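Scroll down for the structure; my scribbles are underneath it.
Here the chain labels run A, B, C and D in written order, and each chain numbers its own residues starting at 1.
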Amino acid sequence: MASKFYAVIAGVGAGTGRSVALRFAQTYPVVLLARNPSNYTDIVSEIKSSGGQAIGISTDTSDPASVASAFEQIKKELPEKNLAAAIFNVGAGFAVKPFLELQASDLSASLASNAGGFFNFAQATLPSLLASVNASPPHPPTLIITGATASVRGSARFATFAAGKFAVRALGQSLAREFGPQGVHVAHVIVDGVIDIPRTKGYTVNDGKEDGKISPDAIADSYWHLHTQHRSSFTQELDLRPFVEKF
Amino acid sequence: MASKFYAVIAGVGAGTGRSVALRFAQTYPVVLLARNPSNYTDIVSEIKSSGGQAIGISTDTSDPASVASAFEQIKKELPEKNLAAAIFNVGAGFAVKPFLELQASDLSASLASNAGGFFNFAQATLPSLLASVNASPPHPPTLIITGATASVRGSARFATFAAGKFAVRALGQSLAREFGPQGVHVAHVIVDGVIDIPRTKGYTVNDGKEDGKISPDAIADSYWHLHTQHRSSFTQELDLRPFVEKF
Amino acid sequence: MASKFYAVIAGVGAGTGRSVALRFAQTYPVVLLARNPSNYTDIVSEIKSSGGQAIGISTDTSDPASVASAFEQIKKELPEKNLAAAIFNVGAGFAVKPFLELQASDLSASLASNAGGFFNFAQATLPSLLASVNASPPHPPTLIITGATASVRGSARFATFAAGKFAVRALGQSLAREFGPQGVHVAHVIVDGVIDIPRTKGYTVNDGKEDGKISPDAIADSYWHLHTQHRSSFTQELDLRPFVEKF
Amino acid sequence: MASKFYAVIAGVGAGTGRSVALRFAQTYPVVLLARNPSNYTDIVSEIKSSGGQAIGISTDTSDPASVASAFEQIKKELPEKNLAAAIFNVGAGFAVKPFLELQASDLSASLASNAGGFFNFAQATLPSLLASVNASPPHPPTLIITGATASVRGSARFATFAAGKFAVRALGQSLAREFGPQGVHVAHVIVDGVIDIPRTKGYTVNDGKEDGKISPDAIADSYWHLHTQHRSSFTQELDLRPFVEKF
């Protein structure tokens, strides 16, 4: 693969992150960020064995120093490459409890993981994405955020989770308005349903109907579509949900 | 082309309708509906000369009888084919005036063209789209609506236009919730900007910046993406706008 | 009552319209519009017996001629008075059916009653409301619309109803943006729940809990609050629902 | 004043907080929380000189210990009183900069002040508000949040501010859904414009038009209306803006 561009995906594991990595690896070398190497080593192998190029870097996106270190390593390992796409797919800080049982630490964990993590990731990637605008990229440089139902709707028992997700959406919307006119496509995706991954195999959702859980590969297809949109026709936000989901 | 499916596009002319027709014609025979044959004859020729299959039918979507007649003709001309995709791209009834200068006829024209037209089109196509669900379609049968900024935002001087567009969005959202679980993908697209077509060549928008008008081919790409989404991951609504558009 | 202003309420009956009429009649003479005199005669009596002033006029708001005639009669009966508040509380055209069982007439009934009715009412009242801006009104002249859940959300089986309600909201939002800067307060209220009126006595909603249906007097209190808002602090939209309602 | 209830307002100063305090002090003893006593001493005096009852407590709502200490002091000073209304009007953490000039500390300041502050305040007040439900309160116990345009809209240069405001709205919406059915009214107010306070005297907004800035007394009137809404008819969210504001 001779692309002079690369993509970086923060928050890879067995679901959306893996599918997005595989999808973008069809065109670009990809860098996979996750706190735990066990989350990316198999995906790196899988991409390499298909003839792609992939690097995994242990990174805590909620820690600015860890993010800075990751991007220094990227610069060393992919010295001549420009950034084509950055995907933020981190989603920790998930406490589901009645509000009066939540601790201040539940809120700060959600905010640090979601808003803080995205802030650090966006600050690290936007200068590179801006630089790519003038480097004849095949598609407009793109920053994509994985959101959730809780990004647009607060619910009983989901207060702190929604706070983190709403905050990320606020950042994403602000960045779309600031960096869109500079040629960087910032998009936010509301994933409204349960994703079909090993961890959710046992869940019965939507009455157990076939395709009642979201295929992570299907999510990746929409991310790729967002990335390839012409700059005269950017989508800022779209929703994704199983055909059987009530919404 | 041996597809046993076809697509129908209502509201073709020099812009989005033409691009969508060309895009879907790469895979399906396409039927083009417009009141005035001059709006589709060139597109039909263009598709045929590229090896595609196309039929134009003079149709007034705001008239149930005209729509019924069109679909009878389709049944005759494409007797064995199932409906894969139906696109409603009609947008007449556009009066821009201070409210107290508007006439009741401005309101009824907007409602008849937008809400009435889409109602007729949806009633004519949904039974066929439902029938296609079990006919092993390559992609989930799809009904796509072209919306506008005025679909989600009323503005001074745009009162009746917004009324028509809001009403269509209401219908689309209702149909997404009713027919999604039955396997038909209903999607609404908010086109937020000026489309780059012959009629708008003279318009200076977004300070005349390159790609400051929306490419209709780019819109068509997003419609095709919507059509090809896996049923576990349907988008109900997305926005499209030039990178320089304020929103 | 010596007010030189009056209020007009379209769509009175046993619920919101009656309560709003009684509330505004504490300050202004009120004009009650309904198609059927049986909907307003008792309310007129009730207001008069409390020392208020009220007139009922048989009016079909979906018919521009009927509306024009009503306002000519108002001019004769209240010759020196300016319009302080106009409330549109009409809600016919309510068909609840699967989409493919709906008729074109269901759509046109909803659009004519809701969008058409409000259009006619707004065209008849806005010139008077504008004239009141400079007539030292006690509160900014106000136009209030009763909306519903279906004003902001399409649902299976509610397609044509939602179309009518969305369209009214589009008109209201457009008018708020056009007439707000001219000093007329246009507000839209989303009534999200079942109203506690004689017709709904038998309905079990929200598990039959006390105050699980909306008190029409409570709605009227919020309408009065909207009317009395200072022009530096207008509300364009608010929601009203029982404390037990899921939303 | 013999009310067995009291109200608490967090974030008082020269604007909304002061007006809300004066408004609620007409009915209840009020407790004013602000970091700096200079923000409440004059208001406490003003209320007392009008025959009301007021206490000021130096409190940093972003610090759980400071909030806990404040509520212990309240319990001592108003030993027999139940909480009728709690208003969160805190709005620090306001950095307006291009995103790449923002520091991680700008984000954490906004999140700590807005989301963290509201979290602490809600955790401290909700048990008391719940307890008041059964204490025959004159109105449903109420928790009101002051929001802003940035609560529902991200903008270039306002990324971290919007993140904090979106997060508070997420918490408020979640609490409305959890505590509404328990009888506590949680409402979020979107203040969309510049408030007319000493600090903004020099600002020219809305072309300097009269009443082009929001009267804080008018805001307080709407807060009082929210507090007095019947539990069958709660508003969860409303917007407030000058009649001349574009929105």
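The definition used in the following text is that contacts are C-beta pairs under 8 Å (C-beta built on N, C-alpha and C of every residue); 3 or more make two chains touch, one makes a residue touch a chain.
Every value quoted in this text rests on a predicted model; they were computed, and no experiment measured them.
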Third chains touching both chain D and chain A: none
Interface residue overlap between copies chain A and chain B, same or different (over half shared): same
Centroid comparison with chain C (C-alpha atoms), farthest chain: A
Whole-Å gap between the CA centroids of chain A and chain B: 31
Centroid distance [mean C-alpha coordinates] between chain C and chain A, Å: 46
Multi-chain contact sites of chain B, meaning residues that touch two or more partners: 177
Pairs of chains satisfying the touch condition: A-B, A-D, B-C, C-D
Chain A - residues contacting chain D, complex: 64, 98-100, 102, 104, 107-108, 111, 115-116, 119-120, 122-123, 126-127, 150, 153-160, 162-179
Chain A partner contacts - residues on chain B that touch it in the complex: 140, 177, 180-181, 183, 185, 196, 211-215, 217-219, 221-222, 225, 228-247
